[in-house]
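These notes open a run of structures that come right after.
Two complexes follow with chain A in common, the first pairing it with chain B and the second with chain C.
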Partner chain A sequence: MSKISPRQLLFFLAFVAPVGKIVLMPSQLVFYAKNDLLFPALIHYALQTGVVFLVMLLSRRNQTLFEMLRATFGDVGGKICCAILGLFFFFSALLPVLEQKLLVQSVFYDTLPSLLSFLPFFLFSAYLLSKPLSAYGRTWDLLMPVTLVGFLGLMIFSVGEADFLALLPVGASGASGIFRATTSSSSWFFDGALLLTFIGKFKYEKGLAWKSALCYFLGGCAVLFFLAVFYASFSDSAIFQTFAFAKISKYFSGITVLGRIDYLFIFLLSLTMAFYTVIPMRACVSCFRETFSHRGVPALYACTVSAVMLLLSVLFTSSFGTVRDAITGPLFWIFPLFSGLLPCACFLLRRSHEKKI
Partner chain B sequence: MKEIVGNRERDVNALKQLLPLEDVLFTTYATENGIAFTVVYLDPLTDKAVLGEQVVRPLLCYRGEGNATALSARLTAPELKSTKEFSVLVEEILAGNSAILFEGGDEAIVAGTKKVFVRAVAEPPTDIALKGPREGFIEDVKINASLVRRRLKTPDLKVETLSVGTRSNASVCIFYLDGIADRKTVEQVKAKLKKINVDVLPDSSYLTRFLSERPRSLVKQVGTTEKPDIFCAKIAEGRVGILVDGSPVALTVPYLLVEDFQSAEDYFVPSYRATMVRILRVFALIVAIYAPAFYIAAQLFKLQLIPVKLLLTIAGSIRHIPLSPSLEMLLVLLVLEVLNEASIRMPKYVGMALSVVGALVLGETAVSAGFVSTPAIIIIAFSGIGLYAVPNLIEVTSVLRLCMLLVAGSVGPYGIILFTAFILFYLTATESFGTPVLAPFSPVVKSDLYDSLVRYHFDALAMRPRSLKSKNRRRAKKGE
Partner chain C sequence: MKKRSNFLTRLPLRLYALLFAFLAFAFFSNDFGLVDIQKTAIILAAGVDKEEEGLRLTAQIAVPQGSGSSFQSGSVNLDGTGATVSECLSDLYAQTGWVPKFIFCDLVLFGEELARENVFSALDFFLRNEYVPDSCNLAVCQGTAKDLLTQKSAIDDTSSFALSKLFSDAAQKAGKVVTTTLKEFSIGYYGVSHSGYMPMIQTLPSDNDVSAQASSQEGANSKEKKQNVVYVADQTALFADGALVSVLSPEQTFAYNLLRGKVFAGTFPVRLDGVTYSLSVLKNDGESSLVLKDEATALLRAQVSVRLYSKNTPSSSLDVASGTVDERVVKEAESTLAASLVSLWENSTQKGCDLFFLLRQLYRSSLQKYEEEKEGFLSSVRPQIQVTVKTFE
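Coming up: the complex of A and B.
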């Protein structure tokens, strides 16, 4: 009961992973790239699709990342690598958690709610983090239709109000704008690194690498379509629409008669998002468990990570902007390093190791 | 003394010591050639006419040798056996059968003279069908077994009987189709039943906690039915069925949550109708659980969730209500639950009066007095009706509805989302005899989706569900 099926992994890549990219990232892209917001996203998706492909090739030997690290760097070296990876995943989980907290407080409540409104998330995460990966896999099976209905619903409501001419002329923001947008949005693209923690936890089957890359890219295409509709709906004011998916359908003509029925779809996507936000924290927990040789019960690690995250989210209550600027600004390089270079390095190390054998 | 010694007087005395009960009667007779024999039986449970006609009368005319085999050959009772063990004799006598001890015999004869008190086979009140069979199980396990046998006339239908309860010694019958049911599941069921150590087993529902992997879980892990046609259909799919003497409720394992959204009638109507009804049941259940919670969350935290015109109507209704929306909803829900509980227990003629009191006095008067608002009553009434669309899940869903209401009242819409996520995650991790209860949706089993919330044409149902790990998956040739 500790493994997932390849199908569940594909569902994660196609239906769960894209959801984290439609909250704050769209407005962040517009800030630098304006109507060229599709290009930085496309660059990220192209690179991450390659990384996903490499990681899946790595998984052919049915060896976990930690087994690979131990085989390459020895016991102590492997543990140090695990600890560093654990810290990275904790760091990468910070932005999605804060992002979600802000989303919850802004979108789900008319008045500014108390801090307690987001507290249940940490109870939820503590529970989830203590469970094996197979339970997540089964949940991804369920989240597939949830995300699909949520996404399609929002798109149907919003695409009619979109003016796609707003995306023209192409390249108006220039190469520097696209480059700045690419670097500043790198904190949303660490799926390759996340996938590293899944290897060895599913049975590799022929063609899975291609299928995974394709599914990830299809998920990316959905995000690109969302970004296009988003900019086409709001044009230059898109920069102020911070919680893109919760606002994209607000101009739907039926809302005046039916009320905000688009909230139904927003709720569905938020359900998927709640699970997605826990994934980097889960990766962090599994890295730390490896570091400490699985000493102590899983719940201990789960509660500790959730509690520290809760503490940080309380600390950064009024300084989310500063944290986001730091993560998307001077600290952006951490993400390509771990989610791009690390999987490539693992792949090359594995190959050289195989050649020696 | 554990075994019969062959001296009738000593054996009778030993039995009297083991059964010092006033209603256990010892009557001594002699055969025509002078062999003395004592008939021992439990007065209230023994059919004296059968005992007299089929046991005592033939023995009185007997002239042959005094051994169990020869004596048994003279008896006309259909159920006969001989035993040396006193423990077996005690068990049989307490079950209503008669023991015959005779002079010089080193074995006693046990004759099946049990008086069976049964009600007629009738339609179960919890599972009424407009189309299809209307028979329901009753409390007698033998009659229930005959209802099953009548539908599955195959030597592959295996029935294994165990005795559960150190004092009640209730017969528990395990039914499965050999070559179709997963052998591992059958063995697991037997092992779990053998491990049970309780003194009395009053009903099959007691068994569910012993058969469940998470006995304290809110989620069902054992299927239940009162209808032999459903029971047989489940056995034919590869499940293992359990019948308990004294209980009209049959159990089936492995259990899938989707079972409770299906009814026997779905297979007697066209597939599009069956699909529509199943989806309607899901919708009803979702409304039952979420409607009160969303109403509260919208009122307290996010008014935008309600359309403007409806919001104005609600605002007019709740203007003079002294209670907070959460408290008001909880109060109405409490009244509904009390009314529901009372109407089930009350005699029918009082129940009619209760409906009048509930609907008119409590509903109408409470609204006009300004205690509760009309929208709250409408929502709870709709939720109450929705809950009964899936009667097998009422215990679970009524608790979930209350929890959802509390979460919505305290945390708001995000609480509803997180609680839903928690339930989904919890459900995905729950298994019944190694089968995930959310199958075929999680994990996705494509071939089983043809008969899940949708029901395809019978052509598509040629295979047994893969989730049940049946050894022989084909149940019909395609196109037949």
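Coming up: the complex of A and C.
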């Protein structure tokens, strides 16, 4: 069985998972919470840290989620559950992919490029999706220093120009503002559900549950710090600062002399983002492979999921706002359901008595 | 242990692979989207004026030219009209076939008439456009932006380059100009203060032409006989709700810079008993903060260390050697600066411009107090002015 080491999993939680939350989420939070944007993010992180802890406790059974589903609901019932989960992961992958596409088009191109410019991402995703989980683990090893250098560089360049008093007064948006910001940003927090597809594929070690929760929360602290610097940099204009992470560092005084060397750090984080964007798609592929009892080669699933995602990204080229509003608005509940309640409910699943080969 | 050793052995290879991937990513990120320089207009500065029906956008566009050729301008000025800035750009595109690019635009200039109405009718385009750097400078000018940009500067062939010299670090440290960027101005406008400022640019006729002197042999005959001008930005335009409401004099602009604590090496004159003393600022510290005790008070504090730079009467050798400033001159300097600060306060608050962002400070200190007192708050605040001038020994 393709496995990852606990260290690689911790790197994923601390260094890879956070980068998906710094592209469009900051301006989305500001839309409702204004200067209180840290609170909804903190609520999400507190909840998801708990979910990560629970999922890691579940992994002590040393069984995959699919084995437990089959043991509980039978073969057909288990497959139906896998298919539903697969659809959820496909749905949750949509926003990160569209986000990534807009990021590439807006930040790396100074005029609107052709649709073909983002096509290589789907070749990349099709390739990566056909690889076993162990390949992801090795990638996370390599992405750890990449993210660290990128994030630290960006923050060092940004923090000097930030006015942290802009975060005052606390509670200006009120409880309703914080609540609406929390619900509308749910679509960025499904890491607990992602972890479900990893359980049984690493060896549980003593203390891994709290270590994972701590790593995830530390990654969350980095995101919270980023959000604080973001709002402190743009203050009342933060609401229309989409792709803030690519702009936040350009006010550094040395930029006028050195040029946009901050792009080096932006590229580093973008590299990690490209890998992060594929993770929910991988979870989707993993679920569908279980649904179809691993029939066909992995590349078939990888190419199918990538191709459908490509079609959707082309289809939603000029209607990203509508898609985002739907996912962050009326459909927000899907995320807490699958990434909050579902992992907790997994404790009710029976243990599988199948013997592993 | 073995696992760790394996990991460490493979790490360099992995890092090399990663470095290669990163370089490939960086290299191919946009190089295939090569820009056809013949069809691209790199806008150095944009001027926006109000027209009878809509707006006029004047774009100063860089024209690439080879070295060693005869003297000629490195830029051209083109203008388009329309109801919005983007329509002006379309008009410009229709006229020339050039695709205007704002990525290098470092200055957006507003004509006075537009500024007195609301600059955000034009700034809306720049805020929405991802490709306009929000670190670009904003300024307002007397008359029209088109006239200012198309005038011939005595300093540089390209007027936007001459204007950018006004906003240099040196000019700011001298305390003669107050600059603002698109980002700063929009934060002021969208914040609770709804206020902001921009440098006010004027043109003065000049007989000198530095650029012409540099290439006099080549271009003496071909040079247009057009009046050279120099640009001055020692006044500051104040904005409330996006509209120009008042203009700070050069003295008030200097006093405002002292409050911001940004003046180093700037000079200011002090007149005493018919003698004018020029004092050089060696160190400056300042603040403008809101104090909420019994009543709301704006503390405007400026502290400067000065040295006598020159005076307009002959001095004894002992006086030149000491370099210290007489106590009476120091007192006079304090009262001069205090008077500038008083007039600065009156000028801004009477016109409804929250130049010191006191409403923002009130909002940040207490949401409840802000809700209670925001109406008519500026007029209710009492200024407390503290000026300390120290002589450097």
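The definition used in the following text is that the second predicted complex is superposed on the first by the 346 of 357 C-alpha atoms of A that agree within 3 Å, B and C clash if a C-alpha of one lies under 4 Å from a C-alpha of the other, contacts with A are read in each partner's own complex, and residues count from 1 in each chain.
Going forward, a contact is a pair of C-beta atoms (placed from the backbone, for glycine too) under 8 Å apart; a residue touches a chain by one contact, two chains touch by 3 or more.
Worth saying up front: this structure is predicted, and the values here are computed from it rather than measured.
Visitor: Since both structures carry chain A, what do chain B and chain C do when superposed there: clash or fit?
Guide: Aligned on chain A, chain C clashes with chain B.
Visitor: Scan A:A172 for contacts with chain B and chain C and give back first, second, both or neither.
Guide: second
Visitor: Classify the contacts of A:Y127 with the two partner chains as first (chain B alone), second (chain C alone), both, or neither.
Guide: A:Y127 sits against chain B, while chain C stays out of touch.
Visitor: Quick check on the superposed pair: does A:L311 touch chain B, chain C, both, or neither? Answer first, second, both or neither.
Guide: Neither: A:L311 stays clear of chain B and chain C.
Visitor: Taking the superposition as given, does A:A299 touch the first partner, chain B, the second, chain C, both, or neither?
Guide: A:A299 contacts neither chain B nor chain C.
Visitor: Contact-wise, after the overlay, does A:D141 reach chain B, chain C, both or neither (first, second, both, neither)?
Guide: It touches chain B and chain C both.
Visitor: If you stack the two complexes on chain A, which partner ends up touching A:A345: first (chain B), second (chain C), both, or neither?
Guide: Once the two structures are laid over each other on A, A:A345 reaches no partner at all.
Visitor: Applying the touch criterion given at the start, work out whether A:R260 contacts chain B, chain C, both or neither, answering first, second, both or neither.
Guide: Touch status of A:R260: first partner only.
Visitor: Considering only the touch criterion stated at the top, classify A:F275 as touching first (chain B), second (chain C), both, or neither.
Guide: first
Visitor: Is A:L115 contacted by the first partner chain B, the second partner chain C, both or neither?
Guide: The answer is neither, since A:L115 touches no partner chain.
Visitor: Which of these chain B stretches, 116-124, 260-268 or 404-412, gets into chain C when the structures are overlaid?
Guide: After superposing on chain A, the stretch of chain B hitting chain C is 404-412.
Visitor: Indicate the residue numbers of chain A shared between its chain B interface and its chain C interface, in ascending order.
Guide: 108-111, 113, 117, 138, 141-142, 267, 270-271
Visitor: Which residues of chain A touch chain C in the complex?
Guide: Residue positions touching the partner: 106, 108-111, 113, 117, 138, 141-142, 146, 165-166, 168-169, 171-172, 234-237, 239-240, 242-243, 247, 250-251, 264, 267-268, 270-271.
Visitor: Name, in rising order, each residue of chain A that touches chain B in their complex.
Guide: 5, 7-8, 104, 108-111, 113, 116-118, 120-121, 124, 127-128, 131, 135, 137-139, 141-142, 256-260, 263, 267, 270-271, 274-275
Visitor: Please output the residues of chain C touching chain A within their complex, sorted ascending.
Guide: Residues in contact with chain A: 7, 14-15, 17-18, 21-22, 25-26, 29-30, 33, 35, 99, 101, 103, 127-128, 130-131, 133-135, 183, 186-187, 190-192, 363-367, 370.
Visitor: Spell out the part of chain B that touches chain A in their complex, as residue ranges.
Guide: 301-308, 310-311, 407, 411-422, 424-425, 428-429, 436, 438, 441-444
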